[in-house]
Amino acid sequence: MFRNNYDNDAVTFSPQGRIFQIEYSEEAVKQGSVVVGIASKKHVVLCAIKRNAEELSSYQKKLFAIDEHCGIAIAGLTSDARVLSNFMKQQALGHRLTYGRAMPVASLVDEIGTKAQINTQMYGKRPYGVGLLVAGVDEDGTHLFEFKPSGMTEELVGCAIGARSQMARTYLEKNIDAFADASKEELIKHGLQALHETLVQDKELTIDNTAVGVTGFKEGSKNKAEPFKLYEAAEVKQWLDAISESKEGNEGEGMDVDE
Amino acid sequence: MFRNNYDNDAVTFSPQGRIFQIEYSEEAVKQGSVVVGIASKKHVVLCAIKRNAEELSSYQKKLFAIDEHCGIAIAGLTSDARVLSNFMKQQALGHRLTYGRAMPVASLVDEIGTKAQINTQMYGKRPYGVGLLVAGVDEDGTHLFEFKPSGMTEELVGCAIGARSQMARTYLEKNIDAFADASKEELIKHGLQALHETLVQDKELTIDNTAVGVTGFKEGSKNKAEPFKLYEAAEVKQWLDAISESKEGNEGEGMDVDE
Amino acid sequence: MFRNNYDNDAVTFSPQGRIFQIEYSEEAVKQGSVVVGIASKKHVVLCAIKRNAEELSSYQKKLFAIDEHCGIAIAGLTSDARVLSNFMKQQALGHRLTYGRAMPVASLVDEIGTKAQINTQMYGKRPYGVGLLVAGVDEDGTHLFEFKPSGMTEELVGCAIGARSQMARTYLEKNIDAFADASKEELIKHGLQALHETLVQDKELTIDNTAVGVTGFKEGSKNKAEPFKLYEAAEVKQWLDAISESKEGNEGEGMDVDE
Amino acid sequence: MFRNNYDNDAVTFSPQGRIFQIEYSEEAVKQGSVVVGIASKKHVVLCAIKRNAEELSSYQKKLFAIDEHCGIAIAGLTSDARVLSNFMKQQALGHRLTYGRAMPVASLVDEIGTKAQINTQMYGKRPYGVGLLVAGVDEDGTHLFEFKPSGMTEELVGCAIGARSQMARTYLEKNIDAFADASKEELIKHGLQALHETLVQDKELTIDNTAVGVTGFKEGSKNKAEPFKLYEAAEVKQWLDAISESKEGNEGEGMDVDE
Amino acid sequence: MFRNNYDNDAVTFSPQGRIFQIEYSEEAVKQGSVVVGIASKKHVVLCAIKRNAEELSSYQKKLFAIDEHCGIAIAGLTSDARVLSNFMKQQALGHRLTYGRAMPVASLVDEIGTKAQINTQMYGKRPYGVGLLVAGVDEDGTHLFEFKPSGMTEELVGCAIGARSQMARTYLEKNIDAFADASKEELIKHGLQALHETLVQDKELTIDNTAVGVTGFKEGSKNKAEPFKLYEAAEVKQWLDAISESKEGNEGEGMDVDE
Amino acid sequence: MFRNNYDNDAVTFSPQGRIFQIEYSEEAVKQGSVVVGIASKKHVVLCAIKRNAEELSSYQKKLFAIDEHCGIAIAGLTSDARVLSNFMKQQALGHRLTYGRAMPVASLVDEIGTKAQINTQMYGKRPYGVGLLVAGVDEDGTHLFEFKPSGMTEELVGCAIGARSQMARTYLEKNIDAFADASKEELIKHGLQALHETLVQDKELTIDNTAVGVTGFKEGSKNKAEPFKLYEAAEVKQWLDAISESKEGNEGEGMDVDE
Amino acid sequence: MFRNNYDNDAVTFSPQGRIFQIEYSEEAVKQGSVVVGIASKKHVVLCAIKRNAEELSSYQKKLFAIDEHCGIAIAGLTSDARVLSNFMKQQALGHRLTYGRAMPVASLVDEIGTKAQINTQMYGKRPYGVGLLVAGVDEDGTHLFEFKPSGMTEELVGCAIGARSQMARTYLEKNIDAFADASKEELIKHGLQALHETLVQDKELTIDNTAVGVTGFKEGSKNKAEPFKLYEAAEVKQWLDAISESKEGNEGEGMDVDE
């Protein structure tokens, strides 16, 4: 009978140099509903499928504004996400108060990476059980970061995490070349299309279960940020309709939605 | 012989990314007697079945006022609930003293969510073994929140937690459309009817085992809160009588109680 | 071979959401000799059987005055009871010093409930292994509370805890209607009668093994408290004689001692 | 194969509500040589058999003066006893310095009871492995207390703890009526006789292995304390001779030493 | 069935005096992609293969500037590397602020060695799961250090760590005599050639997966440092082309790339 | 298969009330080479066999001066002994500084007893693995104490601890009557003779492996202390010669060295 | 199946009074390459074989200067040695700053012994896995100490620790009489010869793998210290040549190198 002796805490290496509890914590991310992020030169969008355990509840929140220039999408343990998002809000606010301007997105992401690492090297704590996509803009341009429970953070042009997110990533990879110069509308449609790929049969994106968040630069401006904005319910209808039409025309193949 | 190696504390992930101790703590909620909450645009009601272990005791308290604008219903470990309700009272009081007005319900709920999460990420502690329904009003309107031992909090229009609460939830789902515009009286009757659905054969709601709590806006006012008020004993008789009649007329089918 | 994996500390939930160490601690209460409490509108009495491990010792103390208006009866680990009773004395004294009047009984009971809960949620501690009956009077009237190792507290009109206390509770339930308006003398006799029910064959209540504690309002006064008073040895003889006679007349049936 | 899962620390209850480590610690008391205490209205005596592991050592000390009005006899772990006796000396001294008079014996005993209880409710500590008999006088009269590792303390008129102490207790029980009014000399003889009962065959009480400690009120005074005094070696000869004679006359039956 | 009892934490020696958790942590280094470092008298170069888990991500960063005169290459857990590199930046900055000049490389390396050792001698922590190559210049000349999770640090003239790094080390050993006097360009080409040796079949170094970092003394100066500079993407093309040509001419044998 | 569950730490009692780790720590004393102590009315001597693991080392030190009036002999873990002897030196020095005179030997011994007891009642520590003989003089006369890892301390007239010390104790017991009035020379010879008894065949006491320490009162003075003095190498030759002669004359029987 | 229950931490005694983790830590010393130390009346020399895991690395450092008058040789865990040597440097420096002169070698050694002992008596730490030879001079003359992981320290005239050090010790023992009056050159040659004895077949001492450290008194001075000096590479050639010649002449027998 096989008995793994090295997977009970995050302070024990396996003989192969692996830390299983960190790996297991990344499985918790896969338990969450899928979120997708895409960055163009001008915008970053986050799209999420909101789960609804029972009809009575409003749908679970998946997107959160952190600061004017920055928002996150979460997949995994919601209450762990609250801790991290509160921490990010405090960091961002503190930076504004100290320096009089928005915190660079990479610095903000670095802070949660460092915070999360501590929990992977101290007995009696556990890694956070949540993954984040962080969307933001700053003087360096638009940014999309993935944060993992291990504390690892990585900048990407497109990403999907959560249940069945592999399908979304496949879609993103196929269309990666279209992102850099895409308009805000196009980006959103790509994001929703990627979400759509993850649905199990008979499920559809609806105005109830879909959320979109966008930040970016103002039209015609190189460095004026548009505040992070959440779109829900009726606001997402136009885009859902658009991808629905587009999908009908592209059934069965990797979609080429762009104009 | 199956031996689960990952379910002894809340700081260990299973290989599938689950934290069993959090899941087990949510079972503790199901050990408590059922409580129901419903929110309309103007009111929020909490209804509870009070257990009575032996005849000598007064019935176990299930509803507690937290502040003028806010009350809770509990299901699970009573002494854990005391800790959380004392904490909420202090938070609400502190807010009043600092800002001169009632604490927004969402903020209050956020505080206990954050407090509870700590116990799910630190060895040597355990998650709280109690679930709460939080009813309140503030400038944003009426609110009904569910709090779970994991620290997760969620806003809903109707909810039931505790033993056999699934039956109550089924009732609420069937009647969900009637809640938003229901009067206070109607809301209470819906709540009691939902409670009634959870009773095992031969059990009935009585003036002894039933408690009702209500908060909301004053008649004809948009933002003047009615203080959270508990109704017990004789005060609940009228409503019990009402649903009893109504039930006789609706035996055997999903009730349509509304006028 | 069945091996319970979840019952070694109070910070582990079983898969059913139970915390076995809390349940086991309540077994410790059943190891103590029985104590009975009854409240009327005017008085609260505590009656106890004192054990005597060997002839040389005076009988183990079971009743303790906490403050002028309040006393307790204990069942379980005597040295745990000392800790709690010292704590209560300090709380009560502190309240008097700060506010210039007696601490409300419910507040006092709340304090020990909160203190005891801590030990049920922290690794390395254990729940208290003692149950208490708290008798007191304050502006709200007479009070009888039960305190359990879990930290749960409950107000009752009559209660019995400790070894074979179920027999006493049965007696109390049969006679519950007589308590509210009973005189002090009658209450005491009910308490002793309830104690008597728990005796194993050939054992009797004697002036050596019986203790009685009473608090209440002064004759003809609504809010003047009579200090908590202990009756032992010869002082309890009259009541023992009374119930002895009464019992002879009522052998074999639920007693109706009242006038 | 039976495997007790609940007996490794003092913070785990067994399913029956027992704490085995506390019970085991009380076994440590039985590993110590026997000590006997008896209280009359005027005096309290402590008698001890001193063990002598090897001829080279002076005999192990069993009796210690704590303060002028108070002394102890120990059975169990000598180095644990040192900790407790040092603590008692500090308490007694502190009381004298603060209040200008001797500490009431019951208060002193209460302090060690409370101190010992802490070790029964904290992981990483263990109960003290020693039992004490505390003899003292104060304004309330003479006192003899037993202290147990659990923190339990009890006032008695006669007591014996340590190896084979049951035999001594049996003697004491038989003669209990003679103690209250016995003279100091008589009390000592009763104590030594009780010690004698615990001896295994061929062992005798000698001036080397016997120690006696006495405190009490001065002849003809109601409240003037005689300082706690230890009698060893030649000083105990007269009493040993006396009981030896008396014993010859009473061979084979429960002795009635009294005049 | 063999069961290793000594490999669960870094505070337990095996009977042979080994600490397995330290050894296992060094396996974590081998999980990272390979990095190579070479020092000449005038320059130090770091070369890395960047992994790309999926197409969407930019490649994982492997080289980091610590201070003007110093940079690192990492292999192993990225989030552990972040902690160490942040620590090094703080140390280097603090030294500059305190002494007004760059921190000697050996001192900087000593600091992380000492920091890492702590984690190998304290229960509840784990060794860092990352290896570093530290390249820097100071008054003593050029320096290349290897840092291991054990806290061991060692100065070398050439080194390679990470997956399949043995092949790179073999290349370095064959060409060791050429390093001391090599030009910057030659050093880089040696580094890339060493990297190339570690590739599995069909893999190639590309401008996307290759990174180069260089520090050294300014042309014609003995002690003026050239700031640590990273070369990526198009900047590495010339060198990749160079080794590609050279490789064609040297297929099948240990390369002698030098002029 | 017998598995002792109670012998892994000093905070667990066995069901018989024993603490095995304390008992095991006393075995560590038996691993040390033997030391002997004897007290007369005027002097205290310590004699030791020094082990020599290899020829290169000077012999292991066994005797240490603590203060002018006091020295110790050790058997067991040398580095534990260092901790205790440093502690004693500090205590003795502190006493001199505070009170202007030497610390009473019993107080000094009491301090290490108390210090050692702590390690027997706290998880995560272990009892000291060393036994001490403490020789000293003060106003009460000469003193010889034995200190055990349990924290137990005992005054004796003669004692031997360490490997095969039973043989030495047997010698001491046979000659115990000669000690009280023996001269310093005689005491030393008794000590060496006792040491000699513990030797395995073919081993002899030599000037290299024998150490002697003496303190006492100055010739003709009742309370002027002779500083603790160590005799090694050539200084012990006279005594070794003396007992060698004496032994020749007494071969085969318990020696009667005295004049 | 044998299962050792007592060897997992340094705070558990085996039933025989042994602490296995301390013994295992001393095995770690044997994992290090061998170092040799020899003291004459005028000088102390340390000689070491430096290991070279791979050709690229400079050889591992084995000798370190601590202060002007003192140096060490290490065998075992290099990063543990760094901690101890940094500690020694701080102690020595602190002593110089406080007292204006070099720290006595014995005091310095005592400090690390005391520091190391702590790690053998506290759960959650481990003994240091390194042995040291400490060479120094002070007012008392020349000193060579061995430090062991247990905290034990011992003064010797010659010593060797590390892998296969037994062969070196045998050499030293054979030649011990020659050391006291040997010149510096002779001492070094003895040290190197002892090192040579530990080599496995076909291995030779070379200028790359051999290091020598020397401290002592200046020529013709009794108390002027020569600063601790390291000799490496070409500097050791003369001595290697010398012992090589000498060895040729003495092949096959215990060498008598001395003049």
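For this structure, a couple of remarks:
As written, the chains take the letters A, B, C, D, E, F and G, and residue 1 is the first residue of each chain.
Operating definition for what follows: contacts are C-beta pairs under 8 Å (C-beta built on N, C-alpha and C of every residue); 3 or more make two chains touch, one makes a residue touch a chain.
Heads up on the chains, UniProt names are A, B, C, D, E, F, G = Proteasome subunit alpha type.
Just so it is clear, the model here is predicted, and its values are computed rather than measured.
Minimum number of contact steps separating chain C from chain G: 3.
The set of chains in contact with chain B as well as chain F is empty.
It takes 50 degrees of rotation, in steps of 5, to superpose the Cα atoms of chain E onto those of chain G.
With centres set at the average Cα position, the gap from chain A to chain B is 32 Å. Chain D has its Cα centroid 72 Å from the Cα centroid of chain A.
Of all residues in chain F, those touching 2 or more other chains are 123-124, listed in ascending order. Taken chain by chain, the contacts form a single closed ring in which each chain touches exactly two others. Order of chains round the closed ring, starting at chain E and going on to chain G, comes out as E, G, F, D, C, B, A. Contacts from chain B toward chain C in the complex involve residues 3-4, 7-9, 20-21, 24-31, 54-58, 60, 76-80, 82-83, 86, 119, 123-129. Residues 5-6, 10-19, 110, 113-114, 116-117, 120-124, 146, 150-152, 154-159, 169, 172-173, 176 of chain E are the ones that touch chain G when the two sit in their complex.
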